[in-house]
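Structure provided below as structure tokens; questions to follow.
Labels run A, B and C following the written order; every chain starts at residue 1.
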Amino acid sequence: MRNFISVHDVSNINDLVAKALVYKADPLKDKSLGKHKRIGLLFLNPSMRTRLSTQIAAQNLGMEAIVFNVGQEGWALEFEEEAIMSGSTVEHVKDAAPIMGKYFDILAIRTFPSLKNRDDDYSELFIKQFIKYAGIPVVSLESATLHPLQSLTDIITIQENSIIPMNVERGPLWTQMERPKIVLTWAPHVKPLPQCVANSFSQWVNAWGQADFVITHPEDYELDTQFTNGATITHDQNEALKDADFVYVKNWSTFNHEYGRIYTNDPGWMMTNEKLALTNNAKVMHCLPVRRNVELSDEILDGPNSIVTQEASNRVWAAQAVLAEILKANH
Amino acid sequence: MRNFISVHDVSNINDLVAKALVYKADPLKDKSLGKHKRIGLLFLNPSMRTRLSTQIAAQNLGMEAIVFNVGQEGWALEFEEEAIMSGSTVEHVKDAAPIMGKYFDILAIRTFPSLKNRDDDYSELFIKQFIKYAGIPVVSLESATLHPLQSLTDIITIQENSIIPMNVERGPLWTQMERPKIVLTWAPHVKPLPQCVANSFSQWVNAWGQADFVITHPEDYELDTQFTNGATITHDQNEALKDADFVYVKNWSTFNHEYGRIYTNDPGWMMTNEKLALTNNAKVMHCLPVRRNVELSDEILDGPNSIVTQEASNRVWAAQAVLAEILKANH
Amino acid sequence: MRNFISVHDVSNINDLVAKALVYKADPLKDKSLGKHKRIGLLFLNPSMRTRLSTQIAAQNLGMEAIVFNVGQEGWALEFEEEAIMSGSTVEHVKDAAPIMGKYFDILAIRTFPSLKNRDDDYSELFIKQFIKYAGIPVVSLESATLHPLQSLTDIITIQENSIIPMNVERGPLWTQMERPKIVLTWAPHVKPLPQCVANSFSQWVNAWGQADFVITHPEDYELDTQFTNGATITHDQNEALKDADFVYVKNWSTFNHEYGRIYTNDPGWMMTNEKLALTNNAKVMHCLPVRRNVELSDEILDGPNSIVTQEASNRVWAAQAVLAEILKANH
């Protein structure tokens, strides 16, 4: 693996999941793999789980991790080629990235979309410029349109929860759920959010191909078909939830027509226990942070069907598997 | 020791002080105790001494320390149960804390009071919610009403300065001061401050029980009696200072009546050399940061009676003793 | 070496450059030199290269580095003696620095000038107060008037680029350029910048003494002669650039008359390929961050004559050489 920007950087999803689960069982298994290697964690935007889990993953591999909050601690970056830099940006990525490439062995970057210009956001200019100019492997800590470390965590967590205990006298103790039904459902929110998590989850579940995948959202919230193609899409949330094994709850802003807006914000789309009753006792997932009683009700988050903490905990093993693959490939 | 939130978490103060002094003499004595253990330092508010000394203490014990400035680098937290999160808070402690509990072995948290609602502040909701939901030991780096690491440092520093050299031909080289007189005096300030340091110092000195303890402040600045009970309280600063061996200078805002306010701000309460003359050549203490020539005069801070640097330096050994106790108890 | 504040702290520049180049060839050569030593990196202002390269240098020497963003994460500092601290500053350097001196073995500090009062800035009060009160070695990460780690990097980079390959059948493979011509040229910018980099570069090149050194700038941009004495100064940029081997491009604000202002901002002073043609195929340098197409044209920065990335990469080895000298001298 050279970079980790999307599912396209992964040759075998199940293999990567298996490696992550090995680290979960034995976090310090490869504690010398990253010896004398250094990762730079660049945050152009806030982060909690991604920030902490990636630092921990790096430490588990024996790497030195240096965190840098680009805008707060350093300089606002310019990404446009040929820019005449007489405005508010202080440094061009063409100058900053090559230096990062000299300072670090791996560069991990978080950069959110503006939600103002769809073409700009979907060109993934920021992270692509880092890849172009850094000269070292680049890991996305969430970019303008995707959040691959989150999606890998999600697949890991789905795999862990697809094991069904068997109550037979003889034979295997458990079996693997065959083609679970996974539903990605839009949820209300108070402010316009990126489409990253929904895009990325769709891209990974489709690439994984071992589930029946349904996406449900109100009209006007269609996602980019380059990510959703392969999924069944419906505006009927109740129909979608029927017999679901996993329900992934997430808000996103509009992609088509007016980009990055809140069109409708129907509180009826909040995930509740009443809706959970429609499912096959589904496990409920969310990437966090979650707006309680807006996106998801307390009763679900505090109840037995929520696996959001497990999901967030798995962030460490997802990051560790990815960093290990990059270290091995770029030895 | 499971958590370290107040003096009630300490079974024997003198024993803990002794352990801190052992670390002061030999900082790397237990440099493997925290091997492969990780502490998360969460700052919801600014910090200098606490931030640095706790990181150093963790490093001395071989732990990995990860610092996270919650509001600046991550998301504003919600602490109220059943909140409908349609406002400015982005993530509930019920969701964040369990994940911290998976990422770390110990969680240390700084969270200031609002000074707007006394009942809310004195319920210690924030730190209690972290304890309730994190599932791992929690260390206070100063909470809404208390600052126990500071108070432990203060007792350590008082013990160190209670040793009196003996000028006898035979016999011991020094002796321990018997029941020193310790005075906590209010001082003026330019903005309303929490009562934490004063509350906590009172709680610890009373629990320690090896001093004559006097608190002096202008009318209207009474502290919560749950912390001060056991001390002599007077509004006559000069009377209080008489024959004092230690003078602890600190501002705090009002607790009774209108909460969190500045009532009177009489510059006559500033600690000066003139007042020092009333004491038994007292050592002068302050938790820092200190407003020079407002709370305390230059002449005192720059003079031989000030032990504020020693006091702040001891923060490392206080933190190290506490982290070591927690590591040993939760092995 | 006790402190590293200016070229005056260096006994032999070439020797220090040589040590830096040894580290460049073998970064972990002295990986135990800083074992159990701790450096505090205090930032009163933003930083990218200095922040990252100094952390990396410290790690390469086996030191523990703790970064502290003073204003953002802690308290605003007061530097004036005898200040009555009833304003916005929360803590006096007289109280903060001695504690840093107890917590750390080396203290590194970045503190920019105000550009409001020349006498204040040029008194270097901030960093001098840290030296006065910390009691441990202090390293400048750029102060009000100088940026010595940058200048050391610059000399290293000039040395590296002064090697000329020889095309002879017998004899040495390369030779060292004799007295290269180095030109420091002012460049336009959109906001008033400190004189630090220009002052410091002048001071170091003059002290080094192995180059023909020319400074060129528009009228009104004279630098302090304490740093420039020894250089040829001209307002004719074209004349200055003639036959130059190295061109150092940098903006600065006014020093004489009205201090810290932009007087003229003639775009004609931007460094371009057309001007490069006047030189002896000069290598082009800049401390970064650079305003592209304001200070320097894209064509130069993206062309073969730019050595800005090499220059910035050498920051690690400059810092490592300095920290190593201080560790050795204060063993």
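The rule is simple: contacts are C-beta pairs under 8 Å (C-beta built on N, C-alpha and C of every residue); 3 or more make two chains touch, one makes a residue touch a chain.
Heads up on the chains, UniProt names are A, B, C = N-succinylornithine carbamoyltransferase.
What you are looking at is a predicted structure, and each value in this text was computed from that prediction instead of being measured.
Peer 1: Once the Cα atoms of chain B and chain C are superposed, what angle does the rotation have, between 0 and 180 degrees and to the nearest 5?
Peer 2: 120
Peer 1: Specify, for the interface formed by the sequence copies chain A and chain B, whether it is same or different in terms of residue numbers shared by both sides, with half as the dividing line.
Peer 2: Both copies, chain A as well as chain B, present different residues to each other, with under half of the numbers appearing on both sides.
Peer 1: Report the inter-centroid distance (CA atoms only) between chain A and chain B in whole Å.
Peer 2: Distance between chain centres: 40 Å.
Peer 1: For chain A, write out the residues touching at least two other chains, lowest number first.
Peer 2: 72
Peer 1: Can you name the residues of chain B that touch chain C in the complex?
Peer 2: Residue list for chain B touching chain C: 28, 43, 46-49, 51-53, 55-56, 59, 69, 72, 190, 288-294, 298, 301-302, 308-309, 312-313, 316.
Peer 1: Given the complex with chain C, which residues does chain A contribute to the contact?
Peer 2: 36, 38, 40, 64, 66, 68, 70, 72-75, 78, 82-87, 90-92, 94-96, 98-100, 102-103
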